[in-house]
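After the structure tokens below, expect a handful of questions from me.
Chain lettering (A, B, C and D) follows the sequence in which the chains are written, and residue indices restart at 1 in each chain.
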Amino acid sequence: MTTIAPHRERSLFARVFTGPAAGITIRRSLFFFMLFLAVIGPWIESIGQWIPIPVYDPLRPDPFNPVSPPSAEHWFGTDTLGLDIFTRVIVATRVDFTLALIGVTLGGGLGCLAGAWAAYRRGWVDTVALRFVEVVQSFPVLLLGLALFAALGPLDIFGPVDHGMAVLVIAIAMVNFPLYLRQVRSVLLPLTEAEFVQAAKCAGLGAWGIVWNHFLPNARGQILALFALTCAYAIQIIAGLSFIGLGIEPPNPEWGSMIKTGATLIVQGHWWVSVFPGAAIVLSVYSLTGFSVRSETVIGPGGTST
Amino acid sequence: MPVGTEGVSINSDTANETLLSLSGVEVTINTISGPVHPLQGVDLDVFPGETVGLVGESGSGKSMTLRSILRLMPPGGAITGGAVKWLGNSVLNLDADELQSYRGSQVAMIYQNPVSALDPMLSVERQIVDAFKANRENSDGVAEEYARDVLRDLEFGNPDVILKRYPHQLSGGMAQRVNIALALACGPSLILADEPTTGLDMTTQIRVLDLLERQVSARNAALLFISHDLRAVSRVARNIGIMYAGQVVEFGPRERILTNPSHPYARALLECMNLRTGERPRSIPGLVPQMTEEYNLCAFRNRCSSRMAVCDEQPLPVHNLGERHRLLCHLGPGHD
Amino acid sequence: MTEAPILEVRNLSKTYRVRRSIGLVETIKAAQDISFAVERGRTLGIVGESGSGKSTVARCLLGLTPLTEGEVLLDESPLGGLGVRKMRSHRRMMQMVFQMPQASFDPTRTVRSSVAQPLRRLRPDMSKPQQEDRLRHVLTAVSLGEELWDRKPRALSGGQLQRAAIARALAPDPELVVLDEPTSSLDLSVRGDILSLLQELQEEFNVAFVLISHDLEAVRVCAHDVIVMYLGQIVEQGTAEQVFGSPAHPYTQALMAASKFETDSFELGPKGETDPTKGCRLMPRCPLAESACSTEQALVPSGQEGRMVRCWKAVEE
Amino acid sequence: MFLVNRVAILAVVLFAVVVIGFAITRSTGTPLYASLGVAVSEEIIQQRAEEMGLNDPIVVQFWTYFTALARGDLGSSRISYIPVAEDIALKLPATAEMVFFTLVFSFVWAIPLGVRAGLRPEGKLAKLGEGMAQFGVSVPAFWLGLLFVFLLYFLPQRIPEPLGPLPSLFPPPLGRLGGATPPDMVTGFYTVDALLAGDIRLAWQSLWHLILPALTLSLTSGPPLFRVTRSAVSEALSSPFVEAAYSYGLGRRTVLIRDVLRNASPPVLNLAAMTFGYLIGGGVLVEVVFSWPGIGSYAVWAMNNSDYDAVLGVVIVAAVIYVILYFIVDLIQFAMDPRLRD
């Protein structure tokens, strides 16, 4: 046979959701499970009436039942206020996932555009973009969050939006912007001299035409891999900031603030208050990192992707 | 050391003993998208001191042939059949230590991309000295002296300056001469050259090629030179092999291959090379085969103008036409 | 010929400024004082080694990089500093085929969509069905099998992609196509294929070519007129018969000998580490060099029309 | 030339860091509200604004801020009235010591495993390394710290008869020494200072307190080091010059050390130094979990007391340390890589 085998074009979906390793499959099922929890979260109490799972109002304290260990009534036990941890872990899924998603999409989207633009224009635009990235990334992520809260703390600029959540989203976006800028730029920089870009110029495409029609599609795989990874990373940041009391405040259910509630209890042996929400973070992050096609894509310190 | 062209003599003295002999060498590389078979039965003999050229298009298995001689396989690759013999001993049975002393001191290689074949972090001197010392027991002083000499041999006007340089400070032609120096420093009996002049300017190509040939013959070493360019090969090599789809389909003395080749592919290639004004340029219809399958029948038959019924039925016969002229084709020597 | 040439280049120069560091700018003269003209429906060959500036000239012609000096006239109207619409009409008249077929197609798009791109952008005067007809016409003209049209580039061989690239260049019906090393990354068995295709298409579409190549054989067979370049300058210029039949410049002679792998006729010295800025640029390598060469360059427009040799030796002969 | 460039870049980045610090400080609506509270009359605000120079042009304000910063003045805490710079200077060694040991632990596990995984991508050790990396990436550091406290401090005490109760493997998460008197300040590293004072028991005790926080941070900040080492080694291993080195008859060991490790080390060193710089401010949560008296805990404490000058002081100091380390990394690379020297 001398003909070239017919080329099979795998859809984006197929490329993301099928992989050779079984571990990947497990992770992806896990991801859809977490996604499912995030969707049903707010209705968990009414769902509890139909199925035999003990769920409660995530915000109603039970003063007679504080810090009780896991049992048939409270699968994950209760915290100092007697709130049911099982219910709260589920309800918090949506909060963490949504904030991560919005923040990453916002910062990442802008970062992609800026990165593509920097790669296309090169020269001083590129230099300025790189220096900007360098400056932003020299602030440790959590301290950057801290500073944001310090700066925006007394200001009332978000109107009806929850102040803590808004600042969290801004923090996530700020962390992700340079990440995406850098990644997209590094993928595209070699393409600026590519002949198909020259060909597109000969075909009369302008700068944005090339960025939109050629650059971003070619960075798509990288962006997708980074997206899952940075969402995972964002969940950790949200939980971390809430753990030191910034962002989402108790008694609103959020994994980080729930761990904070249990932090002082754990030296006394009341492990369940912190352990279960922490486990939820681990599972979410683990399931999300399964989407990163290349495990070489690393988010290093300060979110430097290497 | 002149070598006769009478072919393999049975009771050979050392001069006529085959230096290197490949017979039926097969290589398989396992890739993510399935196995690839770049070599599918390569036969080749090299005698001491002679220059042999291999010509083939991209994907014909030229580079892989050189790598199989040194047993340097890419990840996932393995020699899955045939024999590689050095002075009658199987190279495939060498253990790690033997392999290390075989590489370099017996056979050394010159790479296609001269700059990336040099370690970017080490000076030219360090690299030549290391190659020299790896193959001969000598002190640093001798090695440094040798490094200077070999660079002078390779027509570097100021060896001391070049020795202190790093690879990125060399031009393409200079880097390729440093690569040649490295191979010579090992003191091998056979030098493999993988398209050593392809990336160079035309006017530089010939210089480097001639230099290579002169230095190799001055050291009584043999040279196995591969290229996609028949003209480059014919400038240097006395015997020329034509590769197609992982096999040497025709092998013979330079004059025969250049003027009257027997294999239809070799003829077509010559036609393609010689463009004549006023005539439409020739080409070979069809595509180069992909090496994802193993060919039991002739791999060229779909593009061949002399295709016969037997080509689709029987495996290729080997014709020995004398004077080491060898042919893999159903047509045989007798046609037109 | 009474008709004006489709392309005329007058004294084109291109200087690149390379920033080595803060405050240290190096200028590189990639092309110097280049003048030539291309007649309609004919082929001009530009030969030279790497660094000779032939690709720079191509990029200047296409407007991919601005000229430093000089003038490019396309169909008698100057290129550069034009409005968007004018630029588009120039792009329509002049297209390009690149060296690396794999790299000149966006890996994420189908061949058909890449080939259609200049058509859609540059021929807004054509209706959709007209564009579709034109697309079929050019893809068929380069005899690219219809089953390959909707594949991604990596499923095609180099030769097939180069056919598609030629189709893409011809799609908006240009007057001139610049071919930058169209065969140098292809196998020998495919080279003839592309070259004969170019000859056929020139007759069919009556298009002019600028064929840039280091492959002297290809230029000899395809080109009507030839320019030989060395280090940014034209060293010899004339018809194909003149240049290949009786090469006058030492560099041309060396190049021709080298391409046949024969050096018995003429051999150049090794390439220098630094290039001269004054006098003849070939001087450090030229065996015929004499003192006059180091200060001045000779420019010899010989008696024949369009013939030029930049060498003192040629003056004496 | 490279050096000149890097110094220029260092200056630019440092300047930008200061500008951002200034912008954040001014955008808070503090320093006024921070020092006065919200419930004050308009006249007092105006008066204070005049005193603090807030009515000056922004450039003048920036200059004041900039010159103060150049003198090391980061403002004063509005709780204790101690200059922020003094507080930070006091707490920085604790953080530095923790980060230093973190890096020591990472060098023990991440880099050897990374080299091994680069050489043998399918081997057992490669899988172990990838497993650890995967774990470290997924687990939030502060939660892992809590888990360690529970498993290694609390649980051993509760093992029932006849085995237990056992003494805790590690001390309670209460700072650098528990209740003991710190050694005389020389370097600020308790382990080193105790040894200098000849008090081996104290050195041992401070090391003992260091292990859990450093281990926690090492497990969660080590994965990038592992992965970068792995990919740097495997990239070097597959480069043409390594094949060429083998073809000249150089031995495996020689090639690995001479070519592979040498070419793989710049990105690894780079990342290691950046990890160090990053953890100075990035270990906040672990400091909180272990009540470690470093600058992270200080920043959180200040935040909870709305002591914004202190928070910003820590942020700026951490960023500056990071930038300077980045610069030092460049110097190291400059020394190592001949390609940068031209």
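Everything below uses one rule, namely that a contact is a pair of C-beta atoms (placed from the backbone, for glycine too) under 8 Å apart; a residue touches a chain by one contact, two chains touch by 3 or more.
This structure is a prediction, so every number in the text was calculated from the model and none was measured.
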Inset, instruction - Enumerate, in label order, the chains that touch chain C and chain D alike. - result: A, B
Legend entry - Chain pair whose interface holds the most contacting C-beta pairs: A-D
Legend entry - Chain centre separation (chain B, chain C; CA means) in Å: 34
Legend entry - Rounded Å distance, chain B centre to chain D centre (Cα mean): 54
Legend entry - Separation of chain A from chain B, taking each centre as the mean of its C-alpha atoms, in whole Å: 54
Inset, instruction - Send over the residues of chain A in touch with two or more other chains. - result: 4
Inset, instruction - Please list all residues of chain C that touch 2 or more other chains. - result: 157
Legend entry - For chain D, residues that touch 2 or more chains besides their own: none
Inset, instruction - Show which residues of chain B lie in contact with chain C when the two form their complex. - result: 57-58, 155, 171, 173, 201-207, 209-210, 228-232, 234-235, 268-269, 272-273, 275-277, 279-285, 287-288
Inset, instruction - Within their complex, state which residues of chain A touch chain D. - result: 131-132, 134-135, 138-144, 146-155, 232, 236, 239-240, 243-246, 256, 259, 262-263, 266-269, 271, 274-275, 278, 281-282, 285-286, 289, 295-296, 298-302, 304, 306
Inset, instruction - Going by the contact rule at the top, pick out the chain D residues touching chain B in the complex. - result: 238-241, 243-252, 254, 258-259, 262-263, 336-339, 342
Legend entry - List of chain B residues in touch with chain D within their complex: 70, 72, 75, 96, 100-105, 107-109, 111, 113, 116-123, 130-131, 134-135, 166, 168-169, 179, 182-183, 185-186
Legend entry - Interfacial residue positions of chain C with respect to chain B in the complex: 49-51, 157, 159, 187-196, 199, 214, 217-218, 220-221, 240, 254-255, 258-261, 263, 267-268, 270-271, 273
